[in-house]
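In what comes next, subunit A is part of two complexes: it sits with subunit B in the first one and with subunit C in the second one.
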Partner chain A sequence: MRLGRYLQAFSLVALAVLLAVALTYKGLGDLPNPAVRDLALWYLYTTLNPEVPNMTVMSPEAVTAIVWDYRGLDTLFETMVFFLAIVGALAIMRGITLNEGGEGLHIERYGLSLITKTATKLLVPLIIGVSASIALHGHLTPGGGFQGGSAAAVAPLLVLVIFSTYYVVFKLRLSELSMISLRTLGLMGIYMTSFATLILGLVIGVNAYIFQNMPKANAFIGLPPALGGSLISGTLFFFNLFEFFAVAAGFTLVFILLSIPEVKAREVLKGEEHGH
Partner chain B sequence: MIEPKLISYLFMAVAGALSLIATYLAVIEKDLVKAVIYSAIQSTAYTILFYLLMAPDIALVYIPVAVGLYPAVVFFLIKKTERFEESG
Partner chain C sequence: MERLGKALGVGLVVFIVYVIFSGSASPYDLITGALVAGATGFLTANLTVDKPIKFLQLQRLAWLLTYAVRYFFIDEVKAHVDVMRRILHPRMPINPGIVKVPYEVQSDYAILTIANSITNTPGTVVVDVDPEGKALYVHWIDVKVTEPDKVREEVSKVFEKFARRIFD
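Entry: the complex of A and B
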């Protein structure tokens, strides 16, 4: 038994070392062609460069520029995958809800100790502030809608665990329905932003594309790169903002559903079996 | 004089080794709550690696997802099922 454990550990270390050696001596095939790096150089050259007006994204953050502009469709479909995952969770948990029965509960008796609750009260505004900064500065500094949204989802998660589900649902009024509404609002925002330039082009009567951000060679219209003197990089700011809401609300929704006591879930499932 | 690049490589090696140890412990651990904590330690090591490999965007999303949200989901599921893995 003991020898087996040593063998397991040794084989893991040996695997790591051998993989490193193989990669160093190109044992797993050649490394990617350096010519691929020209593409990266092109992104870096055009990402914030007013001298190439039909190519630039007007965002100093090349990663967000790639995620929401150069390769924006990939991110749109990623958002769709996340949307479907949440729909799946909702479909499995259908009918299981905490929306009623909160009147007679002593909510303050649930949850962890007073020390933990006070520390959480101090932490939650900080988490929300940092996550909003990550999301709203996504076009300027590392970060973006998904990063900010998932960081923001940690705040309701802490409250759920430390103050109990009843506190979140009955005191803070963060029910499943309000989370679904917030999430739909975010997704509608992403949808509208991807059509914004096209609608603008149709109204003015010039050529424009779906998912277009800055003016292109045969479509001279685009969203403004700056508003009131501060850089918003056209669609990037709005995509990050709406993605922030969609992701934060989506995660919070799943956590509210997961934290509903098993007894409640059983009641609903039993009801289904008896045909109620 | 040690070059800054060498120090960064050294940190990467330490983080990589830490992640390997944490992964091994997470796999062999029978108490699933402890296994999730080992998994979070492994993710922290990966976050250091991502940061040193100049991917701060990934590091930013990796911290809340791998240390906050993912362990939370697994903890909820452990609470709904069983905490200890049966030997055999």
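Entry: the complex of A and C
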């Protein structure tokens, strides 16, 4: 027993030392070529720099600038992958819902203790407020729509666990349908934002691109970098805002689906097998 | 109308937390904060608040601030010193056990205040609550008495006094 503990400690130390040796002597492969650092320098130089008007994103947060502008198309397809996963979950769980059968349930008897419930009541609005701040400051400080949306989904998750699924569906009336609607609105917003500059260009009759944010050399229109003196970094604000709703609603939807009791799910699946 | 009052109360708290978390009070933060606070307050009004009129009773806020100072600088310090003494003492003088602590406050938030005050001070942890019997069950590092009313005198009397004035 004691020998085992010494062996554990020794193996951890040995791992750390060997990794350090391997890294020092390039045992894990060559270190990245210093030439690629120029790319990072270029991002940092242009991300908020009005002196390079055709290159800048007008956002001090280089990570968000890369995610939603420099490589924005990549992020759009990542978002689509995430929402396809949710569509998949919806397809598997089709027909399984708690929307009826809430009468006669003593919802207040479900869930954890009074203390936990009361603390949760207080935490839920604060979680939503803080996560909205993470999303709406995505173009200024670390964070963004996905991060904020995931954090916001913690609020319904807490209520699901601490009060029960029945409370969420019948008392708070957070139905699967309302979450699907909110998620779809968020996705529509993301798509509209990616077309915004193009539509603007078509209306005015000048050259513009899909997913364009700031003006470019051969397409001189773009979305405003600031409103009333406050930076919004053009499309970045809108992408973060809509992504926040889409992700929060998407996660909440999956949490509700996963928390439906197995007995209820089986009823639906059995009915399907018998061809009802 | 009542929902509006609740929403305003919750919204004010959310607004303050939003601005503090954002770490700046530029027009952008104040405008987005107000919108977020309004929406959040409206959404969670019925979940979070029962009697919005209490937001207007400023003496509750005064008691809350007094309690915050007292709790962190007196009650917490005393409990920490006591537990540190027990840990460092060569004979480790502990007498652990679970005792029943009755309470007389009405509102859920007052019960939560008492329970969290007990748990956050070292040496005592609330392990269960019995809302019908109006009692908390507390694990106590040094059970001096077991008679519920005397335990209350020792463990939660101060907390309860403030909790009643802030929330009841």
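Keep in mind that, in the parts below, the second predicted complex is superposed on the first by the 257 of 276 C-alpha atoms of A that agree within 3 Å, B and C clash if a C-alpha of one lies under 4 Å from a C-alpha of the other, contacts with A are read in each partner's own complex, and residues count from 1 in each chain.
Simple rule for what comes next: a residue touches a chain if its C-beta (ideal position, glycine included) is under 8 Å from a C-beta of that chain, and two chains touch if they have at least 3 such contacts.
On a predicted model such as this, the values are computed, not experimentally measured, just so you know.
**Q** Where does A:161 make contact in the superposed view: on subunit B (first), on subunit C (second), on both, or on neither?
**A** First partner only, subunit B.
**Q** Going by the contact rule set out at the top, does A:96 touch subunit B (first), subunit C (second), both, or neither?
**A** The answer is neither, since A:96 touches no partner chain.
**Q** Touch test for A:146: subunit B only (first), subunit C only (second), both, or neither?
**A** Only subunit B; A:146 stays clear of subunit C.
**Q** Once the structures are superposed on A, label A:76 by its partner contacts, choosing first (subunit B), second (subunit C), both or neither.
**A** neither
**Q** In the superposed arrangement, does A:180 touch subunit B (first), subunit C (second), both or neither?
**A** neither
**Q** Look at A:16 in the shared chain and tell me whether it touches subunit B only, subunit C only, both, or neither; answer first, second, both or neither.
**A** In the superposition, A:16 contacts subunit B only.
**Q** On the A-aligned overlay, A:268 touches which partner chain: subunit B = first, subunit C = second, or both, or neither?
**A** neither
**Q** Using the superposition on chain A described above, determine whether A:122 touches subunit B (first), subunit C (second), both, or neither.
**A** second
**Q** If we count contacts the way the header does, which residues on subunit B are in touch with subunit A in the complex?
**A** 16, 20, 23-24, 28, 56-57, 59-61, 63-65, 68-69, 72-73, 76-77, 80
**Q** Given the complex with subunit B, which residues does subunit A contribute to the contact?
**A** Touching subunit B from subunit A are residues 5, 8-9, 12-13, 16, 63-64, 134, 142-144, 146-147, 150-151, 153-154, 157, 161, 251, 254-255, 258-259, 262.
**Q** Could you pull out which subunit A residues touch subunit C in their complex?
**A** Checking each residue of subunit A against subunit C gives 113-115, 117-119, 121-122, 124-126, 128-130, 132-133, 136-137, 141, 172, 228-232.
**Q** Would you tell me which residues of subunit C are touching subunit A in their complex?
**A** Result: residues 10, 13-15, 17-18, 21-23, 26-28, 32-33, 36-37, 40-41, 43-44, 47-48, 108-109, 111-112, 115-116, 126, 128-129, 131 of subunit C touch subunit A.
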